[in-house]
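Pasting in a structure now, in structure tokens, and then I'll have a few things to ask.
For reference, chains read A, B, C and D in written order, and residue numbers begin at 1 within each chain.
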Amino acid sequence: MGMVGGGRGAFIGGVHRIAAAIDQQIELVCGAFSSDPEKSRLSGEDFYLPADRVYGSYEEMILREKELPEGERMDFISIVTPNHVHFGPAKLALENGFHVVCDKPLAFSVDEARQLVDLVEKSGLVFALTHNYTGYPMVKQARAMIREGKLGKIRKVVVEYPQGWLANAKEETDNKQASWRTDPSKSGLGGAMGDIGTHAENLAEYVTNLKITEVCADLTAFVEGRRLDDDANILLHFEGGAKGVLHCSQIAVGEENGLNIRVWGETGGLEWHQQEPNTLIYKRHEQPAIHYRTGVGELDPAAVAAQRVPPPGHPEGYLEAFANIYKNFAATVRARMEGREPTDIESDFPTVYDGLRGMRFVEVVVENSRSGEKWSRL
Amino acid sequence: MGMVGGGRGAFIGGVHRIAAAIDQQIELVCGAFSSDPEKSRLSGEDFYLPADRVYGSYEEMILREKELPEGERMDFISIVTPNHVHFGPAKLALENGFHVVCDKPLAFSVDEARQLVDLVEKSGLVFALTHNYTGYPMVKQARAMIREGKLGKIRKVVVEYPQGWLANAKEETDNKQASWRTDPSKSGLGGAMGDIGTHAENLAEYVTNLKITEVCADLTAFVEGRRLDDDANILLHFEGGAKGVLHCSQIAVGEENGLNIRVWGETGGLEWHQQEPNTLIYKRHEQPAIHYRTGVGELDPAAVAAQRVPPPGHPEGYLEAFANIYKNFAATVRARMEGREPTDIESDFPTVYDGLRGMRFVEVVVENSRSGEKWSRL
Amino acid sequence: MGMVGGGRGAFIGGVHRIAAAIDQQIELVCGAFSSDPEKSRLSGEDFYLPADRVYGSYEEMILREKELPEGERMDFISIVTPNHVHFGPAKLALENGFHVVCDKPLAFSVDEARQLVDLVEKSGLVFALTHNYTGYPMVKQARAMIREGKLGKIRKVVVEYPQGWLANAKEETDNKQASWRTDPSKSGLGGAMGDIGTHAENLAEYVTNLKITEVCADLTAFVEGRRLDDDANILLHFEGGAKGVLHCSQIAVGEENGLNIRVWGETGGLEWHQQEPNTLIYKRHEQPAIHYRTGVGELDPAAVAAQRVPPPGHPEGYLEAFANIYKNFAATVRARMEGREPTDIESDFPTVYDGLRGMRFVEVVVENSRSGEKWSRL
Amino acid sequence: MGMVGGGRGAFIGGVHRIAAAIDQQIELVCGAFSSDPEKSRLSGEDFYLPADRVYGSYEEMILREKELPEGERMDFISIVTPNHVHFGPAKLALENGFHVVCDKPLAFSVDEARQLVDLVEKSGLVFALTHNYTGYPMVKQARAMIREGKLGKIRKVVVEYPQGWLANAKEETDNKQASWRTDPSKSGLGGAMGDIGTHAENLAEYVTNLKITEVCADLTAFVEGRRLDDDANILLHFEGGAKGVLHCSQIAVGEENGLNIRVWGETGGLEWHQQEPNTLIYKRHEQPAIHYRTGVGELDPAAVAAQRVPPPGHPEGYLEAFANIYKNFAATVRARMEGREPTDIESDFPTVYDGLRGMRFVEVVVENSRSGEKWSRL
């Protein structure tokens, strides 16, 4: 693995490195950790990399690694830069034969996203987008139960993602994370929408196996001077007639990472909370609820495979869920190397198509919110 | 107290009788318990009433009681009939000098509601509407904390009320409660909206001290053949710039009475769940949350007054909250009898004005949902 | 009902009056509310009683009521005084033909308790002891499930009751509740043991249908100068080989009324918490847990009968559980009046035998704690 | 790192490897993964180790690695074998200059444990025992708060660890984990006591900073034919006068890994649950509780250092807590290499002394349970 971004002072880069390391199947072999070559060099030292595998730019990394002998050069790049620096390295990597792991959202614009889809399709390379919340075992269990019809036809979905960390104008302090996320030139069209709204959208579609078809949105920038939305309330229509609500916020004071989803079908319901991710509540009509737990009883193979500590009651957390994206991505890359099709479990990770949907979702939601239109098609 | 409705086989009548009895300040002295005089008579026997105080119709009750000497006749009526039989007895009672407790929604139409407001204003009589959920101590605490500025300016409100009991066509069985609630000729314009959506609306306005100004609604009747909404997703605008979401459902399989509210302001947040009503979570920016509990520590006087069992940890439930409406109503009636103004705590119960707002809310929401309009003013 | 104790400033008397009033089947007709006749008189006014039914002492009440014509005189007395004034009125009532409801613990000593058992047996009168926590629907459900073998043979019981209200020397302030509870001349042998330990013991035996056979106890008075235990840790042996732990405390700072019970048998487990009393968790071997809820699905008839608000999700609380003791007691008294045997559900309330067991439990535990003996037989 | 045990089919070895890998500061360089050399070899391949660093026995590994040049040879060994194979490799490693990480319990007997303490003292080497539950951020926060006096003088401790996985005679199936844990020749004196009871004991002492001084124990083997305890109920005395209860079980059907601790002092209380490890409830006298959360607000430096994902609400789990033992151990080893004293945070991990205490605790508890003695000194 070669990493783009994630040098000293970054946040998500460290998460990716842990996620890649946990299963001891992926090695960080090179990186362009910062647009500042000196900072990149120092970060490389932090990670015990040889000096000649630490590059001053992603272009340099990709082109130089390509020259290395197979078996020695990196197998894929991991892009952990702010949103506006996803497209460049992703494109160059795909053009030069490297598989890609990319942080979400996929790109800066729908147009960029479409180009990446084309490149993936042409190159046949493996592309993973780290919508990490779908990596939790109980999310996979939920998806499986819905696919198997345990809820009957889906009628209603409520997905929410309140956070509170941007309740004040943190971007006016020296908080790097806040600064780029609230800057349209770096974040793109969406503020909270791009940062966490796409996670909620992706989770809803992943769990229900249904696509959102129409949205009616009400976006707000509550903090004075903020140029991108920090709060969103959205009505949803799904294919097949299901309805729903998505709300997310970064000004919900005191909230941590409150990603929650509830789904009700004709014969059952499911409820899952990211902050207590090892429980999945299965609701039944006029019968008591069953509380599924990671590792307890018979679970879907995808949920079982997503679990690292077999005995139940040892909580698996965010990093393990994140690692599951890397694990399945790596297994798929390996399958390709071995000339075979990856299994369903191996190929169970978000791809460039999820990325394009997310970009499109943000675009439509932002436009709808600005317009007087009630419903906009996705 | 004289009761209209609530005979054998009814549901909410029994709740009203318990709520009135708990504090031993109100006595059931007469009733017209059913439109069927024989059924009314039998119900009267159940309640140990003398035969001459059990009436065959509400008209008979009101007119005959009026003839009784003061001190002997009922002081007020309690209306616990289906929605379409709220207006008649309420109007007649007010016209004949009786105070009124009425189950919600106030009436069958906005027009009826307006007439009742006029009658209350003209008569000077006391009118309570049993939006019972505002009777919980922790709801009163929430309202007080917001009024005192503990959350700063309010930005976002999420109120929800999922139920699952109408997930099937229960109205086609002999379930009396399901039948009239799904029948437009008895329930009015709204299905779930009228039955539980108004509770959610009332709770949001009570807690925040803010009026809803605009709505954007998506109502659905999911169960085949159902003529009124059984599910609603609504975007909200409040005075002062707060935004929000209200969703309620009667097809959310496996849900019981999931009335929940979350409010976030500039400096704090609150969260309350009806099913665990004695906890109120107070969220703070970058500080750990405080879990207020009924009876623990210093609470607002209205919350203290709403509590019956002083030592904390003895859960107070639905019936006690309901009884708080009766308790404050009775205290207000008594204050009037004593020729004094009721205190703030005594007059803390929902009135005919809340009823009118609820009727108007249902009307606007139903219209907005049918139209292509994005926002409709309330 | 005639009440002994419970005048102005008392705590548990008000709870009893509400519990008796809720179902509108019991009327407070007389009382000796205080040992101070003037205070008794004023309390009687509070309760709208005619002056001639308010007595200056329980002796006066019992003897004078006995003279009243049947149908007019009270049917039973309710004793809500401190522990040392339970025996006197109970004895006199039984000797004079009145049924009795008595707050727990039954008496001041095992010897008194035995006398009351004799009197009940001789008189054939109905005697209820208000171990109110067994009135909760989900406690009854737990008992039924264990009786039906859903857990297999019982192996382990953990019952606990932490409170924090006596963490300081509150008895040295003017707190009446604290004063008599920590005074051996009023409370008896046990402090926390008598006040709440007996509730825990009673709950464990009620739920499991098993008697405690041996105890090994470690009692402490943590607050300086306190003369009775304010904390207890006890190992338990049950008939049939089950083992367990009972711990209770009144110095567990910040705890409210944390009465909880967990039971495990060979094939299943149960967990119930008094502070969230409408949930009962049923645990299964290598299968996900089922969360039973008051009012949801098929429940034991005793649990169904103990519920007042049929739709689930409307929390039933402490007062309703307490009222269930009165309700079943009243139904049993009525059955006797009607000359028939009460049904199993009607006779489902704690009796004088539970009271004797509780007294004996306190006595043995206190003795064991003082001794160097490991195990003492009950 | 060189590993002893943990080959194919093992459980805790994989956990140790992940824990060591997460922070990318420790590399697995060699191993003796099984007493079966062929199995060891295959396991080495699984971990991408060169064949010449995979050994057939721990003796071979330690002696051969010692011959390698500094910088190339392993720095420490990690012992992940069943209990009866802890002492041998630990002793040999210490005698040959290698630091040691050892799974708990420390050894097979108190005598072995004492020998290891001596060896550590003589050699000056670093020794970590993986009482992993003390690695959770909120456990460290609890310890800090108690040390700072937030609870006042400690009065009561309740620590519990129910599991259900051995409710049946799983050792009679081919379950390897169950077999050795229930076999006195491999597990030692304690069954559940050694496996999980020591975790509870260690947690209680770590959090309170108090030593257990006396125990009164009731151990049982509920499953027929089982030779070691599978359930324990124990009364505790702590230095300074605190009292407590420790109960643990492996036959508590349906329980997962329910390690919980509650502590109450004169002025406050704390509650922590391993299955939801990122919350720590701080209880106050007659004030509402504060719910501390990993990453929220100002926390103790040790808690902050134990957290990997700075934004709160991203649950950290069992593996991260486990990794914190390795992280601090590695930092301490590095400090020694750099010739400096480790900081308080670096040296915050369980050591050989905790191991000796645990062994002694098991010994005394088992003896006490067999005897008629009430209290035995530790």
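Keep in mind that, in the parts below, a residue touches a chain if its C-beta (ideal position, glycine included) is under 8 Å from a C-beta of that chain, and two chains touch if they have at least 3 such contacts.
Heads up on the chains, UniProt names are A, B, C, D = Oxidoreductase.
These numbers were taken from a predicted model, which means no experiment stands behind them.
Student: Strictly by the touch rule at the top, which chains does chain B share as contacts with chain C?
Tutor: The shared contacts of chain B and chain C, listed by label, come to A, D.
Student: Have a look at A-C versus A-D and report the one with more C-beta pairs in contact.
Tutor: The comparison resolves to A-D.
Student: Between chain A and chain C, what's the gap in Å when you average each chain's C-alpha atoms?
Tutor: 55
Student: What's the distance between the Cα centroids of chain C and chain D, rounded to whole Å?
Tutor: Taking the mean C-alpha position of each chain, the two centres sit 43 Å apart.
Student: Where the centres are mean C-alpha positions, what is the separation of chain A from chain D, in Å?
Tutor: Comparing mean C-alpha positions, chain D is 34 Å from chain A.
Student: Touching two or more other chains, which residues of chain B qualify?
Tutor: Each of 255, 287, 289, 293, 296 in chain B touches at least two other chains.
Student: Quick one: in the complex, what on chain C touches chain B?
Tutor: 11, 14-15, 17-18, 21-24, 28, 47-48, 163, 165, 255-258, 274-278, 293, 295-296, 308-320
Student: Chain D touches which residues of chain B in the complex?
Tutor: 282, 286-293, 296-297
Student: Using the touch rule from the top, collect the residues of chain B that touch chain A in their complex.
Tutor: Residues 151, 155-156, 158, 160, 162, 164, 167-168, 216, 218, 220, 222, 231, 233, 235-237, 243-245, 247, 249, 251-255, 262, 264-269, 283-285, 287, 289, 372-374 of chain B touch chain A in their complex.
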